[in-house]
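Chain lettering (A, B, C and D) follows the sequence in which the chains are written, and residue indices restart at 1 in each chain.
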Amino acid sequence: MDKTVSDLATAVAGIEDGMTVMIGGFGGSGSPIELIHALIDRYRETGHPKDLVVINNNAGNGHVGLAALIEAGMVRKLICSFPRSADPVVFTEIYLAGGIELELVPQGTLAERIRAGGAGIPAFYTPSSYGTDLAKDKPVAEFDGRMYVQERWLKADVALVKAETADTFGNLTYRMAARNFNPLMCMAAAEAIVQASRIVDAGGIDPEVVVTPGIFVQKVVEVANPLQEEDLNRANAAYPLEA
Amino acid sequence: MEKLSNNQIAWRAAQDIADGAYVNLGIGFPEKVAQFQPDGREAIFHTENGLLGFGQAPEAGSEDWDLINAGKKAVTLKPGAAFFHHADSFAMVRGGHLDVAILGAYEVAENGDLANWSTGPKGVPAVGGAMDLVHGAKRVAVITDHVTKKGQPKLVKRCSLPLTGVGCVTRVYTSLAVIDIENGRFVLREKLLGLSLEDLQAVTGAELLVTGAVADLVVPEV
Amino acid sequence: MEKLSNNQIAWRAAQDIADGAYVNLGIGFPEKVAQFQPDGREAIFHTENGLLGFGQAPEAGSEDWDLINAGKKAVTLKPGAAFFHHADSFAMVRGGHLDVAILGAYEVAENGDLANWSTGPKGVPAVGGAMDLVHGAKRVAVITDHVTKKGQPKLVKRCSLPLTGVGCVTRVYTSLAVIDIENGRFVLREKLLGLSLEDLQAVTGAELLVTGAVADLVVPEV
Amino acid sequence: MDKTVSDLATAVAGIEDGMTVMIGGFGGSGSPIELIHALIDRYRETGHPKDLVVINNNAGNGHVGLAALIEAGMVRKLICSFPRSADPVVFTEIYLAGGIELELVPQGTLAERIRAGGAGIPAFYTPSSYGTDLAKDKPVAEFDGRMYVQERWLKADVALVKAETADTFGNLTYRMAARNFNPLMCMAAAEAIVQASRIVDAGGIDPEVVVTPGIFVQKVVEVANPLQEEDLNRANAAYPLEA
């Protein structure tokens, strides 16, 4: 068994119009920028995929990564907790013009809904958002004298994930706080597509320090020196990048 | 009546496991399936207590009792293994990430119901991970003798024993046949060479449908 | 009217954080609290994006953009730090494991309701982790100027802006006073030296109860 | 901050009659035998604690560890998934004589209920046990055409946990499959009391490989060479152990 694929284009080739795509990262940290850019390349060449539903904590920053995906017009709906950033101009303009749908979810609820999707839990109760506008029309229930909101799982057709080290079985480690939503999204997607800074043979990661076991991962592609969104934005980059 | 040995039933079940499949084998008899992986295929075995990618038992005397399977037997690690906690382990199970779970049975009903955890109100009840496995794996198969030690059918119209899960089993490998469960009916796929449909039906507690070719169930001595 | 600077409000809030406390500071103004830990005490700071035990910002130019806080600012690691994923991070929050969360506010009501995420239907709404924090930490405190830039009370009878949480705030540190919320009422604990209760009440949108001694709110220049 | 306590007796001194006590481990693997034995010592000296509600995957094996705790008469009720073992005589006899209450929970549901307790999720839905005797009297609900059982969180006053390495802040790693329920129980107990094979200074565990962050741990005691239940049982040991 070898889950490695040869290149980014191959890795994202199966993503189709209308799919729900989870994208890891918290801002730029842990964002699989090269996979996102490969998806934009494919859209620019073929017109697909479009009408995507994207799940991410944020809504992109500047004109690279997720912001570039939105700017390219590929995203029909965004599910996120915090669509603000240092430079949120892309999302803000399209959203205020009615060009994209937004489902705003409290960050902890977003994380738990994704984990629930991966763990086969169709619904759970949380105190978060009880009594607020974000709980409107959601079922509520009382447990032990306190009120809670019922939330549903979130699943996806595909997850785009950034890891530090992967083995050929798909076992993953992450780099510092770049972990964030990435392990959860591997669990909740039918196909988790991972870019890793290095790929090692099975056995190359200590079984004790695996963060995402390979059962949650379907494809792995090596991106040896991944770009950081923050660096790109400080250089005022826009995708497609200048050579 | 000629019948397959437990090893042979396990061998037959092992033939349906694809290379790279993630597999959970129930405690006891189903654990034998791991011994019969076809050459060139490597399944990755999951155990409820937080380990993917374990291998065979170590030699007696070299056991490490922190490296065990759900049956609390000592195992070994294969390259690419991973440890995790119990909630993550059952996220794999309940979340539909396992390709196959192979379990034992007291009874399997034609509607896919499985009874394999309790023989009734006497004694100490114990369920373990069976109720999670039957609702989690993409494919839930049973391996079992075709009849009880007293000769009673284990494949039945409706289970009489306490259920493990409702409508969960899709294939049964028995000592006499391979039977799928489709639309609430037993569908015969394979039977032992020389065993007539009538004789097989006679030891089966619900009607066996034949909807296509019935292959010979041929298993080597193992 | 004399008032505390933001640094001074943050300083005052920092005095109530015990040694070894696990603390989450909201994005922006509340982040300042970390600068004013009393000598001999060490709080452990939690950030939503999966890190416990971070320290101050690194020098410009030596940032690592995989080592950031919830405000996406670069931070550093202290000994005893730990990384974890977002579900574990909010298990800490929602599960009541944080000792204190200190947040900013648009409005705080005498019933403990907090509004700090939306100023209304205009623009792009963004909530982040605030709705989880207000229902998770053992103690939820607010730091804020006592009044808005236009001089309107931020401590009110009932919030007029969209709520972040219901009945969640227990203490408010303002530029003029320290006020607890008990049984649905504002209870004055400390006020600036020389500020009369009448003057303080005049810029407060709900009645201030005095149930015991009111201490002087004395804060050094910081 | 230093969560280290000097000895086992001090570590368990705060456990009172009637408390709910989670005990880590899966069979003997990951079982905090020395903490359990310290609790038995206290009971033999003082008559407390008794009437405990114990949560563990199993019901003990032989006459050491959890089995010895039950045999000493300290346990009023056991919540577990599998009260069988190679030598289950202690639990079996007391249970069949009506001397202990049993709540049987499917193993995955047990794990998830404990995690839910730690994560502030008062209830969730699972497909496990739907239509079986173990779902009797539990609320059910349909999601996306499939039936699920509502399960409640499990919390405890105290968890007894076995770790491999702890630092003074309570960050933990585990040894192989001894991890099992231990990290979850740290989350779900008001006080997690941990025995670790070694204790290092804060900073002595790589932040990337911490399994249980210290926020979930209240007390740590060093037990340098912990006993294994399996070894004790193969030697037919009974607690109190022969010197």
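By definition in this document, contacts are C-beta pairs under 8 Å (C-beta built on N, C-alpha and C of every residue); 3 or more make two chains touch, one makes a residue touch a chain.
Please read all numbers here as calculations on a predicted model, not as lab measurements.
Engineer: What is the graph distance from chain A to chain D, where chains are linked when they touch?
Structural biologist: 1
Engineer: Any chance you could check whether A-C or A-B wins on number of contacting C-beta pairs?
Structural biologist: More C-beta contacts join the chains of A-C.
Engineer: Please tell me the distance, in whole Å, between the geometric centres of chain B and chain C computed from their C-alpha atoms.
Structural biologist: 56
Engineer: Round to the nearest whole Å and give the separation of the Cα centres of chain B and chain D.
Structural biologist: Comparing mean C-alpha positions, chain D is 30 Å from chain B.
Engineer: Could you state the distance in Å from the CA-based centre of chain A to that of chain B?
Structural biologist: Here chain A and chain B have centroids separated by 36 Å.
Engineer: If I count partner chains per residue in chain B, which residues reach a count of at least 2?
Structural biologist: 51, 83-84, 87, 90, 93-94, 135-136
Engineer: Got the chain D residues that touch at least 2 other chains?
Structural biologist: 112, 115, 119-121, 126-127, 174, 176, 207-208
Engineer: If each chain is a dot and touching chains are joined, what shape do you get: line, ring, star, complete or other?
Structural biologist: Other.
Engineer: Could you run through all the chain pairs that touch each other?
Structural biologist: Touching chain pairs, listed by label, are A-B, A-C, A-D, B-D, C-D.
Engineer: Mind listing the chain D positions that touch chain B in their complex?
Structural biologist: 26-30, 57, 59, 81-86, 88, 91-92, 95-96, 102, 104-112, 114-115, 126-134, 174-184, 211, 228-231
Engineer: Give every residue of chain A touching chain B within the complex, in rising order.
Structural biologist: Touching chain B from chain A are residues 1, 115, 117-121, 167-169, 171, 187, 201-203, 205, 207-208, 210, 213-216.
Engineer: For a test of understanding, state which residues of chain C touch chain A in their complex under the given definition.
Structural biologist: Chain C reaches chain A through residues 47-51, 63-68, 72, 83-87, 89-90, 93-94, 118, 123-132, 135-136, 162-166.
Engineer: Quick one: in the complex, what on chain C touches chain D?
Structural biologist: Answer in residue numbers: 19-20, 22, 42, 44, 46, 51-53, 77, 79-84, 87-88, 90-98, 135-136.
Engineer: Within their complex, state which residues of chain D touch chain A.
Structural biologist: 112, 116, 119-127, 141, 143-144, 146, 148, 152, 173-174, 176, 207-209
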